[in-house]
Every structure is written in structure tokens, then in C-alpha cells.
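In this document, chain identifiers A, B and C correspond to the written order of the chains, with residue numbering beginning at 1 in each.
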Amino acid sequence: MKNQLVKCFENVKIKSPLVHNITNYVTVNDCANITIAIGASPIMADAIEEIIEIQTISSGLNINIGTLNSRTVASMLLSAKRANELNHPVMLDAVGAGASSFRDDTLKTFLDIAHFSCIKGNISEIKALSNKNIASKGVDANILDKVNEENIDDVIQSTRILVKETKSIVIITGEIDLIVSDTKAWVVRNGCSMMSNITGSGCMLSSLVASFISANTDNIFDAAAAAVITMGIAGEKANEKMIKTESGNSSYRNYLIDEIFKFKATDLEIRGKYELR
Amino acid sequence: MKNQLVKCFENVKIKSPLVHNITNYVTVNDCANITIAIGASPIMADAIEEIIEIQTISSGLNINIGTLNSRTVASMLLSAKRANELNHPVMLDAVGAGASSFRDDTLKTFLDIAHFSCIKGNISEIKALSNKNIASKGVDANILDKVNEENIDDVIQSTRILVKETKSIVIITGEIDLIVSDTKAWVVRNGCSMMSNITGSGCMLSSLVASFISANTDNIFDAAAAAVITMGIAGEKANEKMIKTESGNSSYRNYLIDEIFKFKATDLEIRGKYELR
Amino acid sequence: MKNQLVKCFENVKIKSPLVHNITNYVTVNDCANITIAIGASPIMADAIEEIIEIQTISSGLNINIGTLNSRTVASMLLSAKRANELNHPVMLDAVGAGASSFRDDTLKTFLDIAHFSCIKGNISEIKALSNKNIASKGVDANILDKVNEENIDDVIQSTRILVKETKSIVIITGEIDLIVSDTKAWVVRNGCSMMSNITGSGCMLSSLVASFISANTDNIFDAAAAAVITMGIAGEKANEKMIKTESGNSSYRNYLIDEIFKFKATDLEIRGKYELR
């Protein structure tokens, strides 16, 4: 099992896929740098006039609706459709699902018209996607909704409804991360609380997942898990460096990307905390 | 007096307000990270379709016109009106006031239609807001206009015209910072020249002020001052670290946010240099 | 010769030109910070309503089409025309030329309607500009097209066609950088491979070139070379620091800007590796 995850990691380095990202203007620079750090190549373009050509020369797509607007939504949709035509893996980060009707309507349209290899959100966002009745406090998970050791299997079961409807791998991030397919689920216990003390750790993870799945089109499920574990371990290492250097959250952001840059396949084996259910 | 400022600082940590920022794409990442560093929670959204809902779930608003355009100006205006309806504190950073008619006309419309708890600018920008005849060299203060020990009281007096017209607290940043209400004024002597060797120290301050006033709706005047002093002290500490590490302005930017992250209430008491006039 | 380059460097510090940048939202923050680091002053504005006034108060213009869209293309064009009227030097970074018809058509319009003091790209982008038949893998140079010791003179010769057509200095970046005029060419061997392990080293270089040429309007050719050499040396120094600190690409990005901030004229003389052909 470990070998499969390591293989997914190594494929990113070997294939260095060009990944098209249409993401938000808050964390876009971090998304580009983490994509390079892992060994893939980022391209950020969102003009409707060029989106089909840009998608065509890419190997995958990452859509993040963090600061969506009507212009970029149209480009996201067209890119996703083009990626589907070309069998490029597509990652959807459902940032702020449940926070506005515009987000919910946009996500509904996306899911109606295109296929996404992976859909990622915190538990609130994933619930909002499955069920329009959940309130959201911005882009952070509602604290009442946390995945914990007791409710893991229940959450996996209820997530399967969305998995089956969308034919996507669903990634739920939090203290415990879940990567859910229709028959299996990875449970990941890496990462640390510092990751929520910067903006963009979630966005960076989507770019990372997009890089992994673009290099592992035949194994989206394990590739997504490998990305989540890699991010979690890098987050822990960056935290150790932050404590050692007595710095703060801005340095932490740099250390996190640095750790992805320095990441070795063996780190997955030595520090990975995960199980398959 | 110190206790009041400390209380404002502590309220940010205790209440952790969700602050809606519509800001520029140059420094938006730093604005988000400094908002988290101080203990508040940032949300960046600017699509007209969702702006009312996003403002509704937030506790405050920060508007920064650094890279305004017709699309975002409409969203800023609608957010400000919604924030006013909900009694959310609203911060206005008048970046580049006086540099173009578009900025001046936009600011005029903002001030006509909405109420801002605080308006911030350097002396040139505040003069441009009060008086349309002042030339501006980009977004930096015209050097001839500097606040100095001799003209402090004059500047405070002439600023009161804008304070009274807008019913806002007016913040003038520079070597000496002024926080002016209709009857009182804080004079702050923290900060250092390195702060102008990065882009965004002014923008980060607006996000910080927005965080402070969102957590202290009953004391906007002191909350704004506490934010300005906190930023100034963090700027000094970051400078000490930059000198020690023999680094440069990019590392300085990280250290500045780090120092906000590590900031303690006692720092305000130990290092604060301010007086009430 | 060295003295001429040093003089170009020193003029940036002395004149501190206000440089208008219309660039992409991925690396805009780095572009602003590196502009400050070198001693110039950045202004980022892209609203069509204000672009003429903003250009008028500036001393130069940097256009980077990294994330172009129809709104910003119109502003770029208007700014370039205004800059031409005012004899402000204009830098064009042809990011992703050849990657889409939209980029190629936009660049063609730019070159038809405005004059650019300098045009920069990697070899693929410059080939695409000269010849519409070259495929591009995103924004990185096609590996087959590399400038090497054997083909330098050939590349210079074929670049002269574009130089003459556009009356621009053409800058080709890569392991070996070329700065080509109609009669002369600088060949620069500074820099290191780490520079391509971050997003934005090319964009930062355009902002740097724009700063140098805005402060040296009477010597665009040497000013452009001085900027390229400065960037290359800073890239090497940052690499030494990254190795020493065992960090990664995100820290490298900071170190790179830091090294520009700390750069001394003597660094050009001591570490510069260049020749005039």
C-alpha cells in the first residue's frame, strides 16, 4: 500500500505535468510555488478567449472558487468541459460552499455539466454540497461538524452519496482527512493546527492534488491520498521549523512550501499516518 | 489608557471576528495572513452576486481601493451599504487618493452613500480627500506634506473638517501616525522607515484596523489606535530581526507578519509610544 | 564598459522612478517588492478609467501578459500609447507567447500600435513573436530551443529581425541571457537553475528592467543588460543562502528579493559574467 503512494509521488517528479490552475487571487502565488515545489509545472490563465487552448496544452486542471466572479466562472466551466473531452483529471476545491447562493449555484452548475476527478472541501463545504441546509462561517469548517475518531465511518458513509452522484473522489480536510471513493476510504492523521494559521493551505493542497492526479491518471484515488499525506507531513515539518526558529505564520507559509520542495518519497513511509478503510 | 488599548487587542483574540476584505490583488495575501496573525478570520470576496450574503455572515468590512476597477467598485459600494445596515464597522483605505479622477470620484461616491467607521491614508491622500487640489506621486506620501513635531496640532485641527463631514475616525499614517476623532487624537510614534520598503504595509494596517474595530464596535477610536500601535511595534521588531539576520525587504515582510502573530498585550505597554491630545 | 552598467544601476537609486506595472495576479506582489528593493517605486493600476492619469504621473511602464484578459489588455494598450506620447520607456514581457491565439493576437496588436523599449521572453516566446509556428509548453522555454555556446551568434542574428521590425531591445532569458540591439548584443552568464524553481523570476526581471530603463532613458540597451546581470547575480547569491540554510524554493524567493535589496554596485563588477558581441 505504501509503495502505491510512493509511486504516485514519484510519478509527479518523473512526469512533471503541466497543470492548469484557475484559482483565487488571494493564494495564487502560493499555489504556483507549491506546484513547482512538488515537481509539476503550473499555468495560470483565466481569459475565456484562450482557455480551450491553454487546457489543451495542459495535463490537468485545478478549479478553486475562492474568489469566483462571473467572468472566471465562465472560464472555469469551459476549461472543465475541455478537460473532460481530453480526459484530463480535474480537481474542484469547493471553497466557501454554503456561504452564498452564488457559490452554491455555481457549484451545482459545475457538477451538472462537468465531471470532476476529485472534489475537496472541509466538512461544512462538503455538507453544503450534499445538502443545501448547512450554514458556513466563511471558509473555515463549522466547529460542530468536525470529523472525529467516533464519527469517521458515519461521515464516510454519508459522503458516499456525493461520491456516487458525482462519480468523484471526495476529499474532506480537517484534523482527520478523509479521501473517499465509492468502495474505499483513506483516513489520514497527518498535519497540524498551524496549517489553519495561514491563508491558502487548503488552496495549496488543491494544487498539490491536481499535480498528483495529473501524473497518475490511472490511480486518482491513491494519488489524491498521497497528496494529502504529503501536505500533512510537510505541515508538521514546517511547524517544527517554525518552533525552532521562533518565527510566526508568515515564515510558516514559506517553510511549508520549502518542505514540499525538499520532500522525499521516504518521508511518506517514515512519517505517514494513514489507514485504508 | 493603556488598559483600554490592551483590552481592544485582547478582544480581537477573544472574539476572532470574521472580517470581509475587498482589497487589491497586489497585497491581498499579506492582508489575509496578517488578519489571521492578529487572531481574526479573513474572507475575501468581491463578486456582486454574493457580496450581500458574504457581508451578512461577516462582522466587519475592509475596503481598499489600491487596484480598484468598475466591477469591484460596485461590489465595494454594495458591501459598505450592507455593512451599514448591519452596523458592521467599515474601514476605508483611500489608497492613491488624488492620483486619478477615477479614485477621487469613487471615494466621493463612497463618502456620499455610505458611512465609514475609519478612513485611513497618508497625509497626501487625506489632503486629497479633503481638498481636491493636491498632487500625488503614486501611493506614497508627498514628502513636503509630512507630519512633524511642529505641525501635529495644525494637522489634527484641519483633519477635523473631514472627521466631522464623514463622522469617521481619520487615521493619518507616516513617521508620526495620527488617529483623529472630533474631540480627541492619538499621536503614535512607533514604526520605522523599513515599513515603507515593502509593498503593503499600509494595506496590512487597514486589515489590522478592520480586525480591531470589528472586535471593538463600542470603541472604534481606541481600537483603531491599538491597531496602529500594534503594527508600529511589530514593524520595529521585524526591523531588529532583519538587521540581525542580515536579510532584506522580502524577509522583512515575513518578519512583520510573524511579529503580529507572536504579539503579546504586554508589548503594547512596554514598547508603545503614544499620547492622547 | 563595466562603469556604464554601474552607472545604470546607480541611476535607479538616485532617480527612484515611479514605474507603472500592469502585470499578472500570480506574481504581482513579488514584482512590487523587487521594484522597491532595487530603489524604484511601483504603482499597480489597471482600470481603464484611470490608466492615462496613472501613466502620466509615472516615469515608465511594465506590461506583463501573464494572466491577461480583455479588460486588462485594453488598459495595457492605452497605457502603452500614453507612455509613448510621454516618451516613457515601456517594457513588454511576452509571457506565454505561442501558447494561445489570444496571446499572439494581443501581442501583434501591441506591436502594431505601440513602441516598446524592450521586449523580453524566453527563446520559445521570442520565436513565437517572430514566427507564429512555434509550440509552447506553458510559460517555460521549450527545452529544444535553448541558447547554448554554439548557437549564440545565430540566435543573435535571427533575433535582429524582430529587433529591427519593432525598434526594440530584445531580451532572451535562459541559462545564457541575451540582450540584443540592432548592432550590439550583451551575452550574460549569470543566474542559476534555482531561478526557474519559483514562479515569477521572469516577471520580477521585467519589473527590474522597467525600473532600470525608467532611470536610464538615454541608454536603454545598457540599462536592460544591467538589470539582467543584477538579477542573475542576486539569483546566485540567493542560491548560496538557500543551500546554507537548507531551505527550499519559497525561502529562495524571499532571498532573491532580499539580495536585490542588499545589492551593491560593486557586485556587478565582482560577480558579473558578461561580454559584448
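Heads up, the rule we're going with is that a residue touches a chain if its C-beta (ideal position, glycine included) is under 8 Å from a C-beta of that chain, and two chains touch if they have at least 3 such contacts.
This is a predicted model, so every value here is computed, not measured.
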| item | value |
| --- | --- |
| Chain A on chain B, rotation in degrees - Cα superposition, rounded to nearest 5 | 120 |
| Interface residue overlap between copies chain B and chain C, same or different (over half shared) | different |
| Distance between the centres, which are taken as Cα means, of chain C and chain B, whole angstrom | 33 |
| Sites on chain A at which at least two other chains make contact | 25, 29, 253-254 |
| Contact footprint of chain C on chain B as seen in their complex | 24-27, 29-30, 66-70, 96, 99-103, 135-140, 197-200, 246-251, 253-254 |
| Chain B residues within the chain A interface of the complex | 18, 25, 28-29, 32-33, 36-37, 41-47, 49-50, 53-54, 57-58, 71, 253-262 |
